[in-house]
Structures are given as structure tokens and as C-alpha cells.
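What follows is a single structure, written as C-alpha cells, with notes after it.
For reference, chains read A, B, C and D in written order, and residue numbers begin at 1 within each chain.
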């Protein structure tokens, strides 16, 4: 911790800040600058009350030196983590591809989609059963019935199921039906939910909140790891900025940056990250070129009739084209994209 | 709903969009422009699937005409709502003042703070028992023990208790101890929690999420109103922007804007909204001058020793000064600030 | 400068960074932490090449300790600056009020507006002659003709003229007609223009760029001060954020924050800061309550017919009402608002 | 133009808005909704005073239907533009690569860099002679001397020169030495400068302002096109958001989005777009995968000793590696990257 004193700081003020540092079990080094005094506090920063150092009488600013997370850091575990969940493998050169509709709507829709995305090379099926919707007047999901339909789609195709859980009390139920529990962007800060999936044996896909910093996101992962669950995939799905032509802004520099900070794999969601069908293929390719470990993409048999997110869903044909374009990029990166095999036509997206 | 077709739209594309509009029970008006065709869809926009209109074959953009919320709108209820909860009154000229520590830490701390803020004119006591913390290594709150201490502070002072609830399953417990249930900014999108407090009889303080739009915020209120609970106070606590010198950016134009859109009262949180003790008094005054219906402010006996948020907490003396400055602004606005009486010294903040 | 080394840094890496520090004339203090080494560089940070310290072989992050500006800092000049320009006084308890149309359109418009705003208590007249417009198809201003009309309005009323200059080559011409040269938000980073007004004897109103940090804004002021012109007023006019219901987001915490960092007075522009007529009065009051040293407000005889910015302009009557409300807040702050006298009716805004 | 009336609008209010529409030469269509009346104004929207429609007595909101730019739109020119300037070709499958130092520092530096980037496949040399610097205490560039050194580097290598111009009065001088005039991000709104390069015969690289919307950026291009210069390349270089781990946020979805709206080619700047050397290669690859028409990258012989931007510059070896990685992505996209030939080693970046 670096504590920058105000230029007006008196020796007594500095002494007080030193005492505050020592009270937290850290050692204080005083550096006398030309205009200001700086106190470098050495020791464990991840302790309750650390931010109270900012309240010293003549403290101007405080900078952290250590990352606030531990178990999620690459320093704690230098080798990259591979997450495996049924048919899905993500990390260390395997690019997992999760595809499917925003919401499970009915049996025909989910089975048809599962088959189509599998044929195009996807390795897991997404589909929402519990939907966190901005408006109480929107479709709220089929709930348990939706989970059963997802299980049926898995039985038909062998694809692992990825679905969202929105409440701690639903975790056991959802874990019964799905290989991967998704924490949605709006629940990234729902610490009770993070604790609940941390105690669970299923893999977790942790979406970044639209205004979460990298540190906040990795601390959310830390809650899950700290609960005993090591199978965490991070998912960048776009942040909120002044840009209005896309639903969110998809900041792909997150991918290489986060991969340096953590051993956990990073999946990209170009559907929510752009909010427009026509931008999804280009951003899928870009995500892979940036080094992403996976993709999660919305696909629907008839986007115009979708009960949610139709405007950002691909048709089966569009998804197949997208996979063709992505495959060529993955090959250029010397990585394996989903279950892509030579039998698929190498279309360009 | 206004549907703007691409310049390349064919008559068949336009016909398809008209059919999509009609399938949702709306009437389509076609407007032939010089460069583009626009379809004005007349009817109820607050229906499941409305956004699928964006997926039409040659649709360029879609604009909503109606607010997505109903019960929260001023059109639904033109007169402003006054929320009353024990000693706290907010709205219609009464500026409620909620003050207290970020976290309840121990009996001495909460009782001393309750007395001090009451003496300075506050009309409710805040204090966190269940704390949603970014880091699993931070102080997580005293939980039920904290609620009991808050009840003791109420018994001593008569101040209504405002405290956060973070999980649907905790709602009954917290409602037993508190007059006002606070939904924190990070839970604004936790729809299960909104539904749970919507079924509760306690008043609710609904904080705005740091990247929530006004519509998303009022839709969160709609969840609560729709559940049957009319006693909702909105709370602006700052948004996330590129500004790094404050913890969040406090956009006070929200206050008059939201007051036009909704009948619900709007409280401002200058503590989280700035993140720095020294900015709190100025922004408290500004909030009142902008027409805010209430304030919620962090106060701690010894901010330097606070287990959370010390850097943005006021000391008792700083809070008393702040109230003096605010009182003069409230008087200029012909409003009543908390329990301010002539016996308090009229200090300037 | 604090240089945080990577955990992987070798002694040779650290030695290299120490050499880089010393090459810039600074002294390096090495602090050995539990996980990382930190180098505290003591000395003048405001030198060319300082940021190259980030390029050291194993450098993780670099933090500045000193403000990057000197002459603008309160440390360089502890007492607040009062700027005087003809009838306009801003700072040290005098709240200057600059009002008038976005663009000078014709003689009748500017003279009528000058008289109306003066009667309501304004102390300077604004009006654009050279207009920087986003679109080449928008009204570009009357240019020299507009300056002459402003001079005529001053002759009629005695009000100081505030008008924008958009090119270094126009500075002499504009300085001939105006008491205050305005640097618009879109020119805050136009360093040639800053240098030109720095060499001029007229006072300068320096608007903050919509995505400028506080440091960048004060460095822009530093360019002017460094050129020899001490009469700089800062103007907060809103920043670009994800908020779409206002044209910009007006972050009033800037006012007290910047007043701590600099001795220069801070004026607020609630017209551009909100972009909506109906939000201007509330934000004008809030600005004064936050401690602003001045206001700049758009006023037009007939906003519906304005050639620019009509949607954020006040009518004469609305401005008079606004001034009434502001006057009550200014009185509560024990400050003098413009030329407000007892002869004006004390309306509430 | 779609004008949404307030629910409180009277027939007289609607009539007034219709008159305002007609006064601008447009035709008004009145659509009577269930809750509100909407006026669809048909006709040319790109006229002075159009925004005054927002000032109508009971107008709630106004939406534009037509893009505000004309000549830059793909509707005006459906086929994509190829820009050629000396050795540089950008557009229609040719990915131009512009590389070189932030600032020209001395002859040895610029000649060595020109040779190195050419050998690695770059097709143009960048280098700043006139530097717009945030701080008056930073290195301001070698000015005319720098231009001469760039010309010398061109003489040695044949590479086209891309360099920034910061003032209208410098345009003739810079145009004498450079094939491409760069408008920096901070000058995107400097309309006098845009007009000046619009009258010039040199190609222009127009950087996006860090808080400019797409419409504002394309309107800046419109100024240049409108001046008679058709050779405009757009350059996305990152926007300002709450993300602090990168200098700016590089929103690559801009690339496919803008390519739909305009016929002008889109270049990406991963150096300013990330601000960190180690993120540049991944974002260069991602830009190409997203369909970018060009790259502009900072390269320096010794980034640690650079007078500006060293922290985001690549060494010669890093640039060569980056080009190897990009080449594989370009090949996967069936595009030609710079002057890449089989003689270069196909390294992976």
C-alpha cells in the first residue's frame, strides 16, 4: 500500500498514518519526497479495514500494490486452468463453443437448436430456464420445465448444458440438470449466489458485470474458488459505455490482460457484447484472434419469433457460417475450435 | 414503437415487419419518407417479445415511444408519493435524513452514532448488518447480531432503522427488525430479491445500480410495486464513468428528471456518490438544491477505525456541520430538512 | 513516482529501473515488499520522458505522486483567484452569471437578450459568433458580423462579452471585441489555441472536454497560465457517460474537488451539462449549493426558433425565475449572485 | 424525424409542432397512439435549426431517422473506397500497415525504424513532428526539422509518410512532406483543421475522438469530403470508459458497424487503443479478424528511452513477431497484409 500524504501534512499526521499502518500488521517505510511524504506499507493488503488508511488526517491518496484476489491470481497458480464439464473443454488451446437460444421456449425449439449447433461444431448447449428480466412484463422463463427440456436435449445430442442460476435456493435444482451453472452479468455482485455455487460441484461460467472492474470480477471468482469450487470460467460480455450503437461495448483487450492476471480461462459472449446479429460473426473471429478460450453465442431457429433477445440471435445457417470463419482463425492461432472436423464445410463468416 | 426500415427494404420486407407488428396486437402505420420507410406501431408496447421487432429482415432501428414501466410512472399516479416509515418521512416537501455507519460494528458504536445523528436532525438510522462486499476477505457484517443492535438503537432513540437485505431468504428476518429494507446498488438487478421485498410490508429504499439506465431503475421499482408494495423510495448513489477522482459520479440531474417521470420520492447518497468525506457536505447541499426528497449519509464515531467505508464517512461533528449547511439550503427551497429545529445551531457546512 | 515491479522481476530488472529513474535526475528508493519490489522515485516528475519508466523490463505499474500541473495548483498559489473582466467578477464569493444565446443571430435578438439577462441579474453576455458545429450542414455563426453585434449589445448594456474563439488566427480579432475568450469543450485539447490565448490579455473561460480528466483539464489551464495569462476561469459543462437522458452528465462533485486542487475559479454550464431546458434551473441551484463561482446559461427570446441549441435555452421569463431560485441559494451560501439587487422580485425557480 | 409528444399535449401543442415541422420544409404525419401522439416529419433532416423541433411546447423526445452525414454514407457511394498514398494502399482487401515511432526524435532513430518496419512488412511510416501534448512540460516535437527527417526516411525506404497536423496554418507545410495527414483524436472536433485538410490534396487519416459518437466521427469525415478531398481513412483508436487497466477501451465492433454505414476504410490503432505494449499484438490480430482495413502501430528502437509513448511502443523484434501473427490471421481472412511476402519468417505473435 502506498499512502501519499498531503503537502500540508505535519509530522504528527505522518506519525498517525504510520500508526494506522502498523495497527494493520504492516511495516511502514517513510519516503521523504521533494514536495510530499509517501508511506510505503509493506505486508498483507488483503485484510479487513485496509481502506481505512485513506481516512488518516492528511492522507491525499492511497494506491494498492497487491492484487486484491489470491486464489484467482496467476501467481498462486502459474499454469492455465482447463475446465471440463461433460462435452465441454475450455482452456489450454481448446476453444469451447457454447451455443443455443437465450430462453428455452419449447421442446421443438431446444432440440432442433441443440442438433443444429452440434452439427456446426458447438460443444455445449446454452438455454435460459430462469431468466432475470429487466421488466416484470417480459417472459420470465420456463423454470423447472425448461431445465427438463435442456436435459432432454442433452440426452439427444450429448451436449453439456449451460444454464443460468439466479438465486442461491435454486442452485441444487439447477445443478441437478446442468453441467455448467451460469452466473449472469447482473448477478456478478450477488455474493450469496457466488457462495452457493462455490459450494457446488458443477463448473461455473461467471459473466462480468457491465460496470465491473477487472479486480471486482476476479474477486467474484475468488468467492467461488474460496468456496471450494475450482472450475470457474470467466466470461467477458461487454461493458456499459457511452457507445449507443451497440448494446454494450465489447472490450477484447480484456482477454489478453486477464489471461496474464489469472489462470482461469476467458470466454467471450459476442451476442450480448454487441446486441446485433450482424456484428456477432466479426466479433467472434476477433475474440479468437485475441486469444479467447471460448465463445458463448445465441442461436435460435427463428430469431424474429424469439421470446427474448431475437435481435442478437443467429439463425442456424448464420451460426454455421460464423463457425466456418472462426475455424479459419482458430487454425491460424493453432488452436482447436469446438468439435470442428474436416467434415464441416470451411465457409468464411 | 417506431420501426425504421433500411433504405434497401423491399415491399416484401415492409410487409413482413407489418405482420410482425400485428402479431403482437399492435396497429401498423406506414410512413413513406424521402429516403426510408418508417412503421409506427400503435398499441401496448409492454408485452413479451416486443424487441423481436428488431429482427425483421430489413429493420435498421427500433425506438420505443412508451415508458417500459407503468405503475411507477407519473402518468399512472400524478401526485407525488410520500413514504412514511416510523420516524422517517420522505416526499412532498419533507426531506428525510438517514444517517449512520456503513456497518454495525458493536453496541457502543451504533448507539453513540444513533444519538449523535438524531441530535443533528437525522430522522432515521442506517447501518449494515448483512454486507455485500466486493472481496471475500472484507468484513461481512454482524448479520442477525447487527440487526439486534439496530433494534436496540431504535429503542434508545426512536429512530427508524434502514438496513440492507441481500437475499430473498433473509427478507422476513430483516423485516422483523427494520422499518426500511434497503436494496443495494449491486442488487438492483436481483429480481428475486425485488419480488421478495415487493411481497413485504416494509418500505423499500431502492438504490440505482452503478450502470443502470433510468428505465432499468424504474423497472426495478416496478417489480416491487407490482408485488403489492407501494412504499418505494428511489436512491441515486452514483454511476460508473471514466472519472477516477471520485468513487462514482453523482449525476444530480437525475433528481429533477426522475421526479418528472415517476411519483416516487428520490433520495441521494452523497457518501457512495463521491467516496470522499470532504466532498459529502457540498454534494448534500447540491442534492437538496436540485430538489432531492432525502439524503442517506455515512457517519461513524471514528472513521479511521471503521471496518468499512471509513474514507467516505463523516465524524459526528462533520455531520452536524453538514446538516447546518443543508438546513440553510432547505430553507431557501421552502422545505423541511429532517427534524431540524431552531434549537440546533445554524452552522454553515 | 512509484514503480511497482512484477513479481517475476530479477535483481537485474530492478537495477535497470533504478538506472532509468536516475537518468531522469530522480533518486530511487527501493522498498522490498512481501510479494513485490517497489521503487519510489523522488524528484521532479514534470519532465519529458517520465512515462518511459513504464517501459522497464519487469515494470507492472507506475503511479504519479505529484500533480502534473504547477502554476494552476493551489500549492503554487494558496489564495483563490478572482477573475475580473469588465462587468464580470468571478471568485472569492462573487458568483458571476454569464447568460445569452448559443449563437448571435441578428441585432434584435442579441440586444433584446442582453437587456433581459441584465435585468434579471446577469453580469456578462454570452453569444457565439464563431461556432464549432458537429455537422457541416449546421449554422456556422455570423463570424465578424456577430462580434460587432455583441459589441453593440455591450454598448447598450455595459455587459462584458464572452464569446468563443476556435482558431489561433482568430484570437486577435475576437480579443478586439470580447472581454472573455471562451475555449469550447471540443477545443480544450487544441494546444495551439491554448498557447494563443495564453499570449493574449483577455480573460479566458476554459471549458472541460467531455472526456477530459481533471488532470488533463488543469494541464490545459497550465498552457494558458504558462503563456503569461493569469485570468483563467474553468468551466465544468458535463462529461460523456452511458446516461442518455441528458445530453451530457454534469458531475458537480468536480466543483469542490477542483477548488481544492487549484486556485482558479470554477464556473458551471447547466445548459450543455443537461441539454434540456427543464433541467437547467435545478442544476443551476445545485451548482451554487456545491460552491460554484459562476454560471453560464443559454437564454433566447424564442428557443423554438433558435438556430442552435434551442432545446436547452431558457426564455427570458424562465431565466428570471431561475435567477430567483438561485439567488435564494446564493444567500443561503452567503454569496453574491451576479448583480442581484433587492429590486428584483424574489421568485422561486 | 419522429417527434414524440407528451401525454399532456393539447391539440394546440400538436398544431404548433406541426407548424414547426412545416417551417423547416418537411411534411408532418400525425399518428394518434393509445397514450401519446407522435408526429413523423418527412423530408430532409440535414438542415440548420432541425433540433429546434425539440423545443416545441409539449415535445417529449425527438428521434432522427436519417444519418446526419451524406457524402460519407454507403448509401451515397455503395462501393468501398480504396485510399492510395504512395506506398500505402488501404481498403478492398488490402490491409495497410503504418508503423513507426510516436515522435521523430533524431535521424538515426527514424531511419532505423523505417528500415525495420519496412522489412517486417509495413507499407507506411508514422512519426510525429508536431505533437499535441497534454502537458506543456512534455516533449513537443521537432516540428519542421522532424518533417525533414521523415522525408529522408522516405528517400531511404520508399515508405509513404503519415504524420500529424495540428493547426490549419501548418497544413501546407506538412502536406509538402507527407503523403498522409493525420488528424489526431484530440483534433477530431477541430473543424477549421478539418476544413483545411479538406481543401488539401493529401490523403487524411482521421482518428476518432475518445468520446465521439459514430455520427460525430462520420460528420468530421463529412467536413473533409465536403471540402473536396475524397481520400479519407477513418481510424478507431479507443474510447474513454471506466476501464482503467487500459489507457483507452478499443471497441472493435466499431469496425464492422462503421463499414456498413460508410464506404470509407477503417484503420485500427492498437497502440493508443490499449496503451500497453504487451496488449498490442493480440489486439492487432483481433482488429484484422474483425475486418479492419489497416493498422497503425507504434514502434521504437528503444521504447525505454522514447521521448513519448514508450510504454505502448513495440521493439523491432516485437513488431516483426506481431506481423507474423497478423499475417496468419490476414491469410485466414483472405486478405493481403501490408507488403508481407514469403521471404518473411512466419512467426506467431
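As a working rule, a residue touches a chain if its C-beta (ideal position, glycine included) is under 8 Å from a C-beta of that chain, and two chains touch if they have at least 3 such contacts.
Worth saying up front: this structure is predicted, and the values here are computed from it rather than measured.
Participant: Kindly list which chains stay connected to each other once chain B is removed from the assembly in thought.
Facilitator: one piece
Participant: Under the over-half criterion for shared residue numbers, do copies chain A and chain D use the same patch or different patches to meet?
Facilitator: same
Participant: Averaged over CA atoms, how far is the centre of chain C from the centre of chain D? Could you give it in whole Å?
Facilitator: Here chain C and chain D have centroids separated by 27 Å.
Participant: What is the distance, in whole Å, between the centres of chain B and chain C, each centre taken as the mean of its C-alpha atoms?
Facilitator: A distance of 30 Å separates the two centres.
Participant: At least two other chains touched by the same residue of chain A: list those residues.
Facilitator: In chain A, 211, 239-242, 244 touch at least two other chains.
Participant: If we count contacts the way the header does, which residues on chain D are in touch with chain A in the complex?
Facilitator: 211, 213-214, 239, 241-246, 249-253, 255-257, 260, 273-274, 276, 278-279, 282-283, 285-291, 328-329, 331-334, 348
Participant: Which residues, counting only chain A, touch chain C once they are in their complex?
Facilitator: 2, 4, 7, 29, 31-36, 38, 40, 42-44, 63, 65-66, 75, 240-242, 244
Participant: For chain A, which residues are in contact with chain B within the complex?
Facilitator: Within the complex, chain A touches chain B at residues 20, 46-49, 51-52, 54-56, 68-69, 132-139, 166-169, 186-187, 189-192, 209-211, 216, 219, 222-223, 226, 239-240, 277, 303-311, 313.
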